[in-house]
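In the part that follows, the structures are each spelled out as structure tokens.
Two complexes follow with chain A in common, the first pairing it with chain B and the second with chain C.
Let's turn to the complex of A and B:
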């Protein structure tokens, strides 16, 4: 019985995913697609061969990090949806260091990674300060910052970082600044290890340190936290900055850890939407860094398989994002499991 | 309506008049900015007024952005089916109402976390809209439709004004009357402040909240369909461009008062209209990169919210589910 209690969050997440896929199939039928054909293509595309599995993992890298951004917010009682903009800036920071500076091999990778994380953290700083000083709600401030980041990043990419002769993208990362590709022909690089290390770091921070405990306390029970002497302002700042670092790393991973582009498209096409995907992934992973890794692999499979689905069944691969939205709505219902159980018992 | 709020409205009108005068000196055309302002403020007014009433009853819908996005595409689809722009606006309203009702249902009867569910609607729209564009018109990302399907503007002494803009302003006034002068309005406010007391007094909290959620969704849907059918003449997958969240900022600024939300929408609409005017003005567009002009509405929103926040009081039970004991 106790085991069943522990499994419940996983079961609820799976249930939400199934509901999302079901709702997606209804929408497909409405527009005269074949959902069965589409979903078979989706799953074949995501786990069919070893190459596909590696590709799925490559898709999982940035979203397990943007999921951390959202999860850290929720753990601190915040609704931080600024991962999208922080991720753009992280990509810009990585491009600047990886493409313009000349450094020795290992150092260059580290420097570019750090530049991405710092840029992401800096972009999260102003919404954090607005929240602490003026109480500006983070939903509004982070969304406005996402849009400002969108235009600002395109501006920087075109005016300062463009590859000479090719206006559609920035200078590529120099070979010394690239994470090594793990298997010939795949786009999975050692960046996945950087992402996993960061997730583990957040896990140990949240459950192994005093500061992490305070963060969770403020999120769960602000009144008790005040009596225990935990500073809500400090927690807000830490949650935003660590989240910004995660999102910045996600953006950097797409520049220095993702062939074949090794650069940022001027339309931001190769990073667009990764921040919002992280929200759903964090919720499926129950706002837990390790759960987020599993959820990111699941969502990476949907994304990679989605391309195959588009090719095979003609359904736009963005449909995967719509399914993610439905999963989020399903997960917003706290008694989802109880409601379903009651229906079954009847 | 206390004195401080009246002061705010007068100050806003004076500042915008001064701004128009300043613009004329700078070589921009005030009339075209005014026209652009009226266009840009309309979806904001509609979404914000609906949300004010909705939040007064205790349901927060942060899925406005998603509703605007979906209804703008389906509005065009409706216009093409009915062969008439008004038909498209109607379909936009219906779809918006359905989404609003769905959110209401899961908030009221399944005690959903409203902010999470609203964000789910936004992300759903992010994927559903490209899917729709491809499914309906078999072309990714963008769709242009014949100009004859546009809802024609009215020619007035202050330039061209869309009839929907006039409807939106009227709805803001009606929303104010509904909330402060009718029995239904008092019931709505009771549901947001003290649902248990409202329940004891015999008010059906669940039905009131479903009604306001549906109404809010319908108004937002009208705003969504307005964008392609009265303004842009086409849809792209990013057509809403954060307007749903700017509308939320209007609601926060207004402290849930429809008339103040109208004033806030005017400020934000002006910021956007001004940005467009700057973007096309010779002499200015060479100095200021286009990308910075695009940021003006978002920066304005941040500034206004930062300055105005802290003086507003929100209903005690806003965002909380209510269940009879």
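Let's turn to the complex of A and C:
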């Protein structure tokens, strides 16, 4: 009984995967593709060789972090969708320290990582303060801040961080500031360890500390939190700041931990969308930091393996994205439903 | 008054899905051109009976006749078609909409896409206002109007639908005395036009002033039916709360020690912006239970919230022992020895989706035994403590890691009470501690409160259950419209005297 209860989320998710795959097949059959062939290509492409597995993981790294941003918000009763903007600023922070400063090898990596996290946290601070002081709803402020971050980051990339003679991107991270690549020819770097450590830290924080307990309490039942003497304002600040750090780290990981660019494209093309993807991944992972890791790997598999669907099974890339989308939506439904139920109850 | 009743309800029974029996065979009749006062305490079944008449609730059994014809309501619009409309205690208006828009809501005589014919509707409403004396500014947003005017809008909303039978549920709760007088004037006016009005209330003076007949309910049974001319406060109070003497729980005489809680001239606002507590002063001493009786909604919740740090008082002082705690928050109060058993456990006292262990430290999560260095939770201690609570307070639960949502109400309350009483408190504030619980849990929790008293704790008990107050308290006060109408030792007041004070009648002693 107890075991069954613990397994329930996993069983639900499995069912959702099956439904998503089925829905994807129907879509493919409608357009006269071979679903079985396509799915085999998808699986082989994402997990077929060691190299593919590493590539799948490389895709998962930033997403598991931006998923944390959203999950921390939901756990505190917030709808923080500002990971995108915070992630841009994290990338900018990392570029500045990794590309412009000269530091000794290990220290340089640490400094650039930290710079990204701090930049992300600072960007999340304004919506947080607006919420605490003036009650500005976080959905409004974070959406607006995503746009401000987008244009601000492009501006900084072009005017202050551009590589001379290369208008399309910023200065690259100096070799001293790069996370080592884990296998020749792969784009997975040791940045994955930084991401995993951060996820574990958040897991420990939420369930192993008083502050994390109070954060979850505010999200679960704000009245009971007041009764328990927990400060909702403090919880909002912490949720935003830790979330901003996660998003900042995600941005930094794409600069100092993802070949071949090692820099930020002036269009933000190599980071664009990672923050929003984290929302779906957080929902699939039930807003749990460890669930988020698994969900991010699944997401990475769809991203990386999807390319194989295209040239092995001949599925158009637009169709691949539609199928991925269907699977993601199907997977998010259980948690999304739980959140909606909670909101209606209030 | 004609001789044939317009409405007749016969042998109405109502059992709620959760098993609560609200009505046990109630007969009710209503004639044209009269005001009937429907009197009773909390949970007597007044509102349930009228919700059945207005089609909001189906009766479990029983019959309703309209003009001698048997009727069956599936929903409120069925009842409205026959001209039966109810104004609820809590208004259902859209704050940013104007009065006019609120009155018309759901009544727009227009196609889905064409604008409603506001001009004609306005003329009709203006005529209605002149006819009834219910004047309201039609173009002002509801949120800018006072409670009294909002209520007029509610009444207009019902009358606009062509109502012959108007049901008013506790309509004077949020009104000033002047507004009450105006409401009564309007009610008399409507009566003169031949409308039938049901006035649900617990206020004795008001029912005596405005009604022609009074029907009293108690525990879902009719305990009295009489013309107002034959009613006295005493008679009504006995019908409302009964006369039987509740034996005090077996225990020794109180030996009160030093005062633990002192409340001085306290004023507290409600969420509706009205003054909920108006200059209340009292003391609770170590080793006694001080019970505050009263019909709910007379300021008890706000008083408790002010004492427990959940609501800032407007004026006055609260002292715990030698500390002025008026401005302190819950956490600091707990450190001074406060235990709070809140009135709504699922709202304040427990987090339903948290497991039993997590709930066992709610409001105690900062204690060093649970949170160590860097705020690290000590799960070993927490689980041990939760296990102890479960065992010593007889909580029946499948496990410590089950969400408390899956526990029965009685077991949830045992967990909460256990958690609060094991704090080593010096002051216990218990609000409706046994409401909605099974008999075994009720008896158990009352025994615990007496044990606490005997152990020298000061206990403040707030309850709408008069039996509970009489059984447990050493001293009592009766709260009515934010004030104490009477205060004294238990045994000093007869039951019907307390009933009269609950109905707002001051004793002449």
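Some observations on this one:
FYI, the second predicted complex is superposed on the first by the 287 of 346 C-alpha atoms of A that agree within 3 Å, B and C clash if a C-alpha of one lies under 4 Å from a C-alpha of the other, contacts with A are read in each partner's own complex, and residues count from 1 in each chain.
The working rule: a residue touches a chain if its C-beta (ideal position, glycine included) is under 8 Å from a C-beta of that chain, and two chains touch if they have at least 3 such contacts.
What you see is a predicted model; the values in this text were computed from it and never measured.
Of the two partner chains placed around the shared chain by superposition, neither chain B nor chain C is touched by A:182.
Look at A:280: by the touch rule set out above, it reaches chain B but stays clear of chain C.
Contact with chain C, but none with chain B, is seen for A:224 once the two complexes are overlaid on the shared chain. Contacts of A:101 after superposition: neither chain B nor chain C is touched. Shared-chain residue A:110: touches no atom of chain B or chain C.
Once the two complexes are laid over each other on the shared chain, residue contacts for A:290 go to neither chain B nor chain C.
Judged by the touch definition given at the top, the superposed model places A:190 against neither chain B nor chain C. Once the two structures are superposed, chain B and chain C can be ranked by residues of chain A touched, with B on top. On the chain A side of its complex with chain B, the touching residues are 27, 31, 33, 79, 81, 130, 134-137, 139-141, 143-148, 151-152, 154-155, 159, 273, 276-277, 279-280, 283, 315-316, 318-336, 339. Taken together, the chain B residues at the contact with chain A in this complex read 62, 66, 106, 110-117, 119-136, 140, 241-242, 245, 248-249, 252, 289, 291-292, 294-295, 298-299, 301-302, 305-306, 309-310.
Contact residues of chain C toward chain A in the complex are 310, 329-332, 334, 340, 342, 347-354, 358, 361-363, 365-366, 370-371, 374-377, 379, 398-399, 401.
Listing the residues of chain A that touch chain C in their complex gives 1-2, 207-211, 213-214, 216-217, 220-221, 223-224, 226-230.
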